[in-house]
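Each in C-alpha cells, the structures are laid out below.
Both complexes below contain subunit A, partnered by subunit B and then by subunit C.
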Partner chain A sequence: MSTPVVTTEHVSKWYGQVIGLNDVTVSVPPGVTGLLGPNGAGKSTFMKLITGQLRPSKGSVKVLGEPIWRNPHLFFQIGFCPEQDAFYERMTGLEWVRALVRLNGLSDKEADEAATRALTEVGLLEAAHKKIGAYSKGMRQRVKLAQALVHDPQLLILDEPLAGMDPIGRRKTIRLIRDWGRAGKSIIVSSHILHEIESMTSNILLINNGRILAEGDVHQIRDLIDEHPHTVYVRAADPHRLARQFLNDVTGDDVRSLRFEPGAVVVETGKPDVFYARLTEMAAGGEFGEIEEVTSPDDNLQAVFQYLVK
Partner chain B sequence: MSPIHDQSYRHYGGGKAAPGRSWTVIAGAGIKSLIRKRAFMGLLIFAWAPFIVRAVQMYISANYPQAAILNPTAETFRQYLEQQDFFVFVITVYVGAGLIANDRRANALQIYLSKPLMRSEYIAGKLAVLFAFLIAITLVPAMLLLFLKVMFDGNFTFLKTNLFLIPAITIGALLQVTLAAFTMLALSSLSKSARYVGILYVGITFFTSAIYGVLYMITGSSRVSWISIGANVSQVVDVVFRLKPRYTTPWQVSLLVIVALVVVSISVLERRVRGVEVVT
Partner chain C sequence: MSETPLLRPIPKAPGYLASALRVFDLSVGEMLWSRRTIFMALVVGAPVLISFFMRMLDALGAPIFHVNGTIMTGPAIFGLMIWVFYLRFTVPVLGVFYGTSLIADEVEDKTITYLFTRPIPRGAVLIGKYFAYLACTFFVVLPSVVIVYLAIVPMRGSLGASFLDLLKDLALLAIGLAVYGAVFAFIGARFKRPLLIGLVFVFGWEQAALAFPGYLKKFTVAYYLQAMVPHAMPNDSVVSLIQGIFHETPGLGESLVWLTLILLVFLWLAAVNVDRKEYVLEQ
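What follows is the complex of A and B.
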C-alpha cells in the first residue's frame, strides 16, 4: 500500500468552547481526494491543520510522513489555496504570484519565470498584468490556484476552489485538477457539493460536525447510503390512493413508513431502487392519478450527513 | 509524435532556500514598496536635514576659529539623536502602521504562513523594514557625523577623548528604534486598519506624555516620568551619553519599562500573527 500523504491521529481542535474537529483519525492516500461536507462541517479547520496553520488541541498531524506543525521545510512540497480571497488588490496577478514564490528562495528572475508558467497553467497569462482588483471571481480563484502550484509542490491542498466560479470556469478547473492528479500530484480538495467532488475523484472523505463520517470510494459510500432508509416526497393528484397502492402491493416490502403532507405523500423506503421502479410503472400506467413531482430530500447532502450521524 | 506545444507544468530550475532566510524576502519586499513612494522618499530626505545642519556646524567650527562657540561636544550627538525623535515618530507611524494591519486586511497571513515561512521569520521581516528606515535616520547619520567630525578636524583627538560615543550612539539609537518598532508592530497586529493603528500609536504616545505632564503639575516632581513612553527613552539615553538624567525617576526603572513594553509587544505579536482561526 502506498504511503499516505496525510495522516492524523486522534486530532481535535477547539476554539474556546466550540469544537472545530473532534477526534479525527484518518489516512489520506496519494492521488486526488475529495473532502466533502456541508458548510461548517470542519473542512476549513481540517485544511488549516494539515497546512500547519493551526496547531491541534489534541493529537498529531503528519504530512508527507513528517509532523507539519512548525516544520516550514515541508511547505516546499505543499501548495495551499485558501477559500477566502487573500490579495493585495493593487498588485497584478503576476506580481502577486511572483512575490509569493520568492519565499521559496527563488531569485527575481526565477520567480518571474515560475510565476509566468503557473499563470499559463491556469489559463490566466493574458490577465497576468491586470490588477487583481479588476479580476472576476473565477480569475481570482485561478490566481489563487497559480500561487498554490507555482513552486511545483508534491501535495496541493485546495479549499473550495470552485466556489463562486461560473460553469465554464468550473469545468476548466475540474479538468485542471484531474490533470494534476494524472500528472502524479496528490491533491486534497474540499467542497460541500457531492457532484463536484465526484467529477474530480472517486476517493472521498465525508466530514460533518467535526468528525470524519466515512472514507473511501464515493460509489461504496453511495451504496452505504442507499442501504439505509431513503425519503421520497411524491406530490400527486390523489396522494391517498397512491399511498394505498404503495401498501397494498404484495411486493411492497420496500415501503417502511409513510405520512401525508398537503397534496403529497412522503415515503420512507429501505429499497430505493425497487421503490423508484414501482413508482415509474405507476406513473406510466396513469391509473392512480397524475404524479406531479418526485423529489428526495436525501439527495441533499445535508440530509445524508444528518442520517449518517444518527 | 511530440505535441506541437507542450503546455503541461514544467519544473523550475531555481534553487530552494533553506528555511530561515525567508524574512529577507519579506523585508526586501516591504522596503522596495516604500522606496517607490515619492512622498516617503521626500520624508526620508527631510529627516536628514538636521544632519546637514550639524555637518555644516562641524565644518565651520573646525575651519573658522572665530566660530569656536559652535564646537561640538559629546552632548551634541545626544542632542542630534533627540532631534531625530520627531522623525522616528513620523516614520514609525508612516511605515509601521500598515505593516501587519494591511496583511490582515488582505487575508494575506494565511497565504504567507502556508509558504516556507515561520511566524518568527514573518515578524522578523516586518521588524526589519521598520528597523532599516529608523536606523537610516538615527544610527547611520549620527555615526556619519562622528566620522565627519574626525575628518573636518583632521585628527583623532575628539574621538579619543570621547571614545564612549561609539557605543553610546549605537545603544541610544537602538533603544529609540527598538521600542518604536516593537510597539508599533504589536499595534499593527491588533487591527486590519492601518489608519486606526496610526491613530492609536499617536494617541498612546501623546496620552502617556499628557498624563505625566498633569501628574508633574500636581506633584511638582518628575518621579512619575516612567508613565511617559518618550520620557523613559530620554532618561536612559541621557545615562548612556554620561549626562545627568533629566528626571528623578531612577534610570533603571525607565529601562525596566522599556524592556517590559518590548516583552508585551512580542507577546502580542506571538498571539496575533497566526493562521486565521475558523469557528464552525
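What follows is the complex of A and C.
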C-alpha cells in the first residue's frame, strides 16, 4: 500500500465567524486526485492549508509525511499553481519563472535552463520573452503551471488550472496533467466542473460546505450529472455565428437552450461530453472565429451536490 | 506492506541571506516601477524645485536670504533643507509608505503566494523586500540631495568646502531610511492599519516627544538622527527656533549604536512576525 501524499486529521479552519473547512479527515493517495466542489465549498481553503499558506484552526495537516505549516523545506518537493490571476505584470514569462526557481537555490544558468524547459513543456516558449501583462488568459494560466513544475516537484497542487482557458488550451492542459501523472508525479487538482476532473482522473474528493462528502471513484456519481443541465459560458469573437452552428449541427441535440450575453453565448447542455468535444473541434477548425474563453458556472454541480446531500 | 518513499533527497536550501538577496532581485524592479515611486518622486522633487527657485531669486537679487539682518549662506540653507525637508519629512514619510507595504503590497496584489510556496523562510522574503526598499529609496532620494546641494551651496558658499558635509548628509539620510524602514516594516507586519499608525508615529509621537524635555525623546528615531546632522545652524534668527530641537542631543557614537540596535531589533521582529503570521487573501 502506498503512503498518502497528503493527510489531514480533524482539520477545521475558521475565518472569524465564517467556517472554511469543518472537521476534515482525509488521506490523498499518490497519483492524480481531483478535488471537486462548487465555488465556496472549501476547495481553496483546503488547497491553502495543504500548501502551508494557512494554519489550521484545529487538527493537523501533513504533506509527504511532514507538517506543512512553517516548513518551507517541503517546497522543494511541492509545486503550487494558485487560483488567482496575479503576476508581476512587467516581467516576461521567462524572467518570472526564472526568478521564482532561483528561490529554490538554482544558479542563474540552472534557473535559466529549468525555466526554459518548463515553458517549453506548457507550450509557452515562443512567448517566453513577452511581458506577462500582454499574455492572454490561457497563457497566464500556463505560465502559472510553468512556475509550479519548474523545479520538477514530486507533488503538484493545482487550484482551478483550467479556469478561463480556451478549448484547445484546456485540452492541452488536461493532456499535460495526465502525462505528469503517468510520469509518476502526484497531482491534486481542483475544479468545480466534473467533466474537467473526470477527464484527468477517476479518483476524486467531493467537497461541499467545508466538508468532504465523498472520496473515491468518479464514475459512482458520473451518471447523476446527466440528469442535471450543464451551463457553459463561451466568449467568442462572433457568438451569433457560433450559436447558429451549435443549433445547426446534426449532432446538435446536446444543446438544450442558449442565450446571448455581451460578446458571449451561454449554452445549456444535457450532454457536456459531446458538447465540449464539439466545441474543441470548432475552436481547432477556426472557421467560426476565435473562441476566447470557456467557463462553466457551478450551478449545475450545485444541483448534483444538493442531490448527494439529501 | 511496502511503502513508496515519500521524499527524494532534498537539495541544499539557499541560506537566509542568499534567499533574501534572490527575493531582492525579484522585487526591486517591480518596486521601482510601482505607483509608489511616482509618489516618492513628487516628495523628493519638491525640495529640488524649491532649490532651483531659490537660486533664481538669488540671481535676481531678491532679499529673501536676509534673516534678522544676517545673510544666510548657501551651506546654511542647504543644512536647513536637509533637516526640514529630508530628515523630518521625506525620510520618515517614505519609511512609512514603503516600510508598511513591504508585504502588504504582495498580499494586495495576491502575488505573495508565489513567494510563500518556495523553499525559503518567509522572514527572508521580508528581508529581501526591505533591501529592495533601500535600493529604491536610495536611488531616488540621494541623487535629489546632490541636486539640491549643487543648486544651493554655491550661493555665498563653496562646493568644495561643503563636500564633506554632503557626504555626511547622504550617510545620515541613508541611515534614516534604513532605520525608519525597519521600524515601519515591523509595524506593517504586526498591526492592522499600519499606515495610520506610521503617520501618527511620525507626525504625532515623534514631534511631541522631541518637544518635551525628559526621556520621552529617547523613544524616537529622530532624536538619534539629529545628533548626526553636520550643519551648524545660524544664531539670532528664526532658524534658531529650529535649532532648539538640537539641544540635548546624544553623542555621535551613542546615536550610531542606538540606531543600529533599533534597525536590527525591528527588522528581526518584522521577520519573525511575517514568519508566524498567516495571510488570508481576498477572494
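Everything below uses one rule, namely that the second predicted complex is superposed on the first by the 230 of 310 C-alpha atoms of A that agree within 3 Å, B and C clash if a C-alpha of one lies under 4 Å from a C-alpha of the other, contacts with A are read in each partner's own complex, and residues count from 1 in each chain.
The working rule: a residue touches a chain if its C-beta (ideal position, glycine included) is under 8 Å from a C-beta of that chain, and two chains touch if they have at least 3 such contacts.
All figures in this text were calculated on a predicted structure; none of them were measured in a lab.
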| item | value |
| --- | --- |
| Combined model on subunit A: subunit C and subunit B, fit or clash | clash |
| Subunit B versus subunit C as contact partner of A:Y276, first or second or both or neither | neither |
| Which of subunit B and subunit C A:A114 touches, first, second, both or neither | first |
| Touching partner for A:W14 - first (subunit B), second (subunit C), both, neither | neither |
| First, second, both or neither for A:P82, with subunit B first and subunit C second | both |
| First (subunit B), second (subunit C), both or neither touched by A:A41 | first |
| Which of subunit B and subunit C A:Y233 touches, first, second, both or neither | neither |
| Touched partner set for A:G65, first subunit B, second subunit C, both or neither | second |
| Contacts of A:T3 with subunit B and subunit C, given as first, second, both or neither | second |
| Comparing the two partners subunit B and subunit C, which touches a greater set of residues in subunit A | B |
| Selected from 20-28, 56-64 or 236-244: the stretch of subunit C that, after superposition, runs into subunit B | 20-28 |
| Overlap of the subunit B and subunit C footprints on subunit A, listed as residue numbers | 15, 44, 51-54, 70, 72-73, 75-76, 78, 80, 82, 84, 86-88, 99-100, 102-105, 147 |
| Contact footprint of subunit B on subunit A as seen in their complex | 15, 18, 20, 40-42, 44-45, 48, 51-54, 70, 72-73, 75-76, 78-80, 82, 84-89, 99-100, 102-107, 110-111, 113-114, 117-118, 120-121, 147, 149, 151-152, 179-180, 183, 210 |
| Residues on subunit C engaged by subunit A in the complex (per definition of touch) | 1-4, 6-8, 10-14, 18-19, 22-23, 25-26, 29-30, 33, 109-111, 113-122, 275-276, 278-281, 283 |
| Subunit A partner contacts - residues on subunit B that touch it in the complex | 7-19, 21-22, 25-26, 29, 102, 106-108, 110-118, 121, 274-280 |
| Complex contact set, residues of subunit A against subunit C | 1-3, 5, 15, 30, 44, 51-55, 64-66, 70, 72-78, 80, 82, 84, 86-88, 90-91, 99-100, 102-105, 147, 154 |
